[in-house]
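Labels A, B, C, D and E are assigned to the chains in the order they are written; within every chain, residues are numbered from 1.
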């Protein structure tokens, strides 16, 4: 019985429970003075949920837990000396056993006997059946694998039966209590609430996942590179140590990258926020419905153009343009390089326009008309109304949009690579090239360097650091928003 | 038919009113909301330094007319206004007219109180500030205080000037909106049921205020209370189903109306 | 799994692609292998994750696998690795097609691009601004060199074959050693590239370098031979130490700047993943890696005949590292 | 009728107050101008971008082809006449030669003559290698063509295509270019005879990845992106909206929810490649899902898109006025009903905007796909989301890095396709959003 | 002191009211908005099938008390309610109580009309729909029609049932909200100034409606109009500054109040 069939059966039980509960509830005749607490649909939904939810949870838990249990059981049955052998790597050995288990299923009885007897090379035997083994394997593994197979089969069987029984029990439970006063709606809504809550924990889980997926490598990075070198170093040159410092580990100074990240994001925001905000204001306040309905989606295309296109645009068009422009202005020597903070910020800013404009437009439009009328009625101009009444009222939402924009600016890679380059300079001149943390993360991860070297591992340290920095910035932003929030009505 | 009545009435009443100049004159004002016509050729004058009350059953177009007077209808997409309305002889629907200035001159208190999501102080200070009526902080404080006092809410809010205006009770919000409107000292004040959420005492205060303001300002007030119309207004206009039924001296309207509908409405026999 | 999975170097990718595609067409019973890009490091990392269906079969690499990586592999159960060398990648310098001819020597590059150069016997920071300051035979162009970024394997070749050579030739190496550094440190100092913006690291692919040269006509770029050959109508190639790069000169070992390309096969997967063995054999056949094969046509420098035979034999014999 | 009173009442209007109108109007005009300017600027940039893309890419939609009368010679295809017993025979036959011979005949070159070997090589160079599969498919589909002659449009080789479109500078010396003078001469001849023409490049949409420009297309990428976008939409929209609803409408306002809020905002700032790391660790290494699969890609992009949707949704929910909520609660709606019946529809435009932006971003993202093996050469169509596939931006990225000239226009062509895909995807959302937009 | 008065009064009045059971009983109800206390230990009973009027100056806590009765204060973050309020003997602030059911039993008309931005029909049909009061479309149509008729707005909107409820005049919106509240036929209806935006005729209709509803329902109404309180209510409670000043039979309150403040307020001599 595959998990899919079990699921289907469970769903069918749920559907039946729904139908029965619905009919029963609809058939209830409340006494005088009493009302049906919940509508029939809710009773049905409750029965459905009772039938399906515990069953599925059970199945999922079982599926998650049983492999570990089975593995443990099999491991404990392995010969003593294997378990205690100094070089035995449990996960590796168990990997072998499970692979063999896979292969055993494809063997004929005769072959199985041979395998048990150890008279054939397991690797060759299994390779012919399409199962990969890392090494030749030991004879004792075959019985273990057979045991493993039996246990997993049993596990699948029991879990299927258990799940279906649970579904039936749940359905019965959901159906028995149906009465006029039963709070089916509350129950269903409580379950929905759990669902909503669970959805919001995904964010937390993602965060934990992100941190965990980078933590170990980060730790091993810091084992070879001192913290101070990383956090306070002002030179980023991972392959070379400073002349005279004697080391060969290279220099992993975070400062130039951090400065570049913030600088480029700042330039991008300086460009995107005014444009986006003014565009939003114009669309929400001045533009006719028609114009708005065209302009808004048109601007949104900007957010969907792949960043590599922006990068090429920066590289081939904007960068040279700025350089030539600055050369013309300064009469000869350009003060803006083709690859510069300015180029990257500008082009990234273009991409970010719709983030500000579309989201802000929605928020501004959502401010009740009465606010608007109240201000106009006092003789305020539209711009005054916008600036002094509507925008402050819409502030929390707009800050959310801006945060999103800033986040995007910090996380962007491709544009920076092509528009500002990969050289980690430390400068305050926006006409020069800088680079960002994200660029370096991508570079160090995808290069040809050794994957065990600090040069590659630094990517993880960078990732975690960036994570921490943006976290701090978000805490600050939350504080600011709380302080200035204006709730209308 | 209406028209005739109007003219007749006008002539009859004219002599008693020569001391008051016409401040606002509405001629043939029609308003459509999309397909639906809400006002039909209304001709109504508002005289300076008088209180004009608009009465009539709910949905008859009082607010609509009021909103025409400072062009607040402009903000409703579906609304279209025709006819002419003049303020001091100028057509306010003229291209050359500046709505902002118009609205600064013709202030408004809305039917549903709509305080800004700002502090009480900021709510009142908003108008004076945008119009640059106060040079110094102290002037502004002064304006805020007097306005709140005039609107009979000062005592209730003086300790919480910097709390949100949206956290006030319904009646307090309404008075806050009155304070906000008078803080910019407009020439004309349009009040859409300013006392609907007020208790008798506050109502009396606002009525006093209206009476006081009348010395220097022109006031148009929408009210459902006949008593209130009788108490505060000098002239009354009666609307019904989008038509101006009758208009005239309040005393006369309430004692001896020309139109049957007015009579019925006033005596509560309507419908 | 019925499909071979390959990951690794983006330099090897085009070749692997050609082979994979032809393999798919020639062996209709197998699906066309999936070839991932992502760098030698990423490929080897995935390769060393373990054996079994959920891991890749082949890692392409533009450099030989490092000992630490072999160890990491072994820790994860990947013990039997077969190394296959497919040929050589030439690395060339090129300028815009309309520029003058260039003849470079390692010394010129060292003097132009190194962080420190020797002037009057003393080690000073590099201040050269024009190519003709470095070598009067070079044009009067501002120095702007687009060299591979540090993450690229090509960079290492560039450093070893040119900068280190130039360093030795100009006598800088001795000067550096004279400052008291040990051999290793001195070698590292030798290959340090100036950081004042004259030498620009390119972390993208050669197309990016080409775009750079397009927008700066007096730039010099480093390309793979294959890329250059595909864009010979836009680029002019420079000679190095008097040798013009071509498949012939590289194969003959005359042109100094080249590197071998590899891929690594998990022995445990051979005969398990359908087609894997056939794929490797097909790859190694002269039909593919031979001097007339499509790989050579694309720009791979085919290994000499004996070497190809040796590779085939080694693979068939199941030789592991 | 009111003339009487008017004439009486008319006096000079009293002096107007100075409320700084001139200055304020200037400010108003400026403000408005900024708005127009901002929009104009945005649109200008968009047009500039689109222009560069279209200029470089529209040619990719045409592909030079050669119309050849191909004789499906039984001798060449199946010399031992074993096709009845061994169908594999048809698959491995040397079809390339058929096309070459047909073309050589047209150009008046004797195929049999050994002296013409060099010329024949040049002739082969005119035709795409893809002709092998093209002819094979014809034969396999209908073996009865063997022995007959048929006119077939075969693809020209990529360099020929580029040259035909004028993208190769024929002025440079012959040795430096891929197309030789002799070939150019033949091309001109064929064009004049109408046998070589540019035809609509449907292959760009249907072919999978290939190392030959003329036979490479976005087919696999389109399917991959489609799968991924479906997964992203189906997962991230409900989860994102559910999470926002919980946080905004139900969660107690305390440290914990602050933490979640900050967390979500922070996730938006996590570089996309880090999500790739996460996906690799969680979905591939831990959950054991296959590499290069659009399922994993979709899941990773879902996680990446979630913060965007949540942030936009929360902002939209916040903007719904409280009076609506009280109204619903007042008639006895539960909070759940209040949210789903009233608040959510009113917040829908904002939610849809967030979705549009989030999805657009997900559609254009390459970096996270790199680590889960989707930046890859995949020639076979994925049958399910569990099969290896690529994505549109990945294909663009890979083509952008190709050495061959013909990939340059294809890169831009691919971008155009991506934009079309984006437009199609957004259209539904935009129409929906317009339906929900409402002022109160 | 207040307490004593209350208790005294209660005892005095008890005999005359035994025919009406206590529907809602508020004991020691205190409400804080953040730091600010808005209600101080209010003890007030609402009797079944009677109309109880809450009067008092603006900002005295009438709406606050009203909102306690169906726990609408729960939705204001800063509001905290203490004391007990029972409905049919059950403490409505009890954990076991289902607020939704409570609100379905205790309906509410808000001070500021707040129609949903949906069609007029949908506004009224919403409640019956979520409570499953209508099986068929025809039933629903029926409910909508009767509710609108009872709220005296049917004639004005019958041709535009599918236009937006927000496009109505102020008074129409208010009546729409009344219709919406009675459509779910709650046991108790709380009305916060239901007639504030209504003209006399509509007011009279609503008052009639209230009188009619009283037969089957229990009604609590906040009003600023003494006349209205006198006309429609059987019992009146007078609030001042958050305290319940006096409570009792309407007739008695308006003729012979115990408390000086009540007397002053009723006669308009307050403040």
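Definition applied: a contact is a pair of C-beta atoms (placed from the backbone, for glycine too) under 8 Å apart; a residue touches a chain by one contact, two chains touch by 3 or more.
Chain-to-protein mapping (UniProt): A = Phosphate transport system permease protein; B, E = Phosphate ABC transporter ATP-binding protein; D = Phosphate transport system permease protein PstA.
Just so we're clear, the structure is a prediction, and the values are computed from it rather than from any experiment.
Farthest chain from chain A (centres taken as the mean of C-alpha atoms): B.
With centres taken as mean C-alpha coordinates, the chain found closest to the middle of all protein C-alpha atoms is A.
Distance between chain A and chain E, defined via averaged C-alpha coordinates, is recorded as 50 Å. Taking the mean of the C-alpha atoms as each chain's centre, chain B and chain D sit 59 Å apart. With each centre defined as the average position of its C-alpha atoms, the distance from chain A to chain B rounds to 57 Å. Our note on geometry: chain C versus chain D, Cα centroid distance of 32 Å, whole angstroms. Residues of chain E in contact with two or more other chains: 100-101, 112, 130-131. Chain contacts: chain C has residues 38, 42, 204 touching two or more partner chains.
Shown for chain D are the residues that touch two or more other chains, namely 19, 24-25, 28, 322-323, 334-335, 346, 370-371, 400, 440.
Inter-chain contacts occur between A-B, A-C, A-D, A-E, B-D, B-E, C-D, D-E. Interface of chain D with chain B (complex): residues 1-2, 4-6, 8-11, 13, 16-21, 24-25, 28. Note for the complex: chain A touches chain E at residues 36-37, 39-41, 183, 185-186.
Of all residues in chain B, those touching chain A in their complex are 70, 72, 75, 77, 100-105, 107-108, 110, 112, 114-118, 126-127, 130-131, 164, 166, 177, 180-181, 184, 186.
Partner chain B is touched in their complex by these residues of chain A: 289, 368-381, 384, 388-389, 392-393, 486-489.
On chain D, the positions that touch chain A within their shared complex are 19, 24-25, 27-28, 31-32, 34-39, 41-43, 45-46, 48-49, 52-53, 238-240, 242-247, 250-251, 258-275, 277-278, 280-282, 303, 306-308, 310-312, 314-316, 318-323, 334-336, 346-347, 349-350, 353-354, 356-357, 360-361, 363-367, 370-371, 392-393, 396-397, 400, 415, 418-419, 422-423, 426, 430, 434, 437, 439-440.
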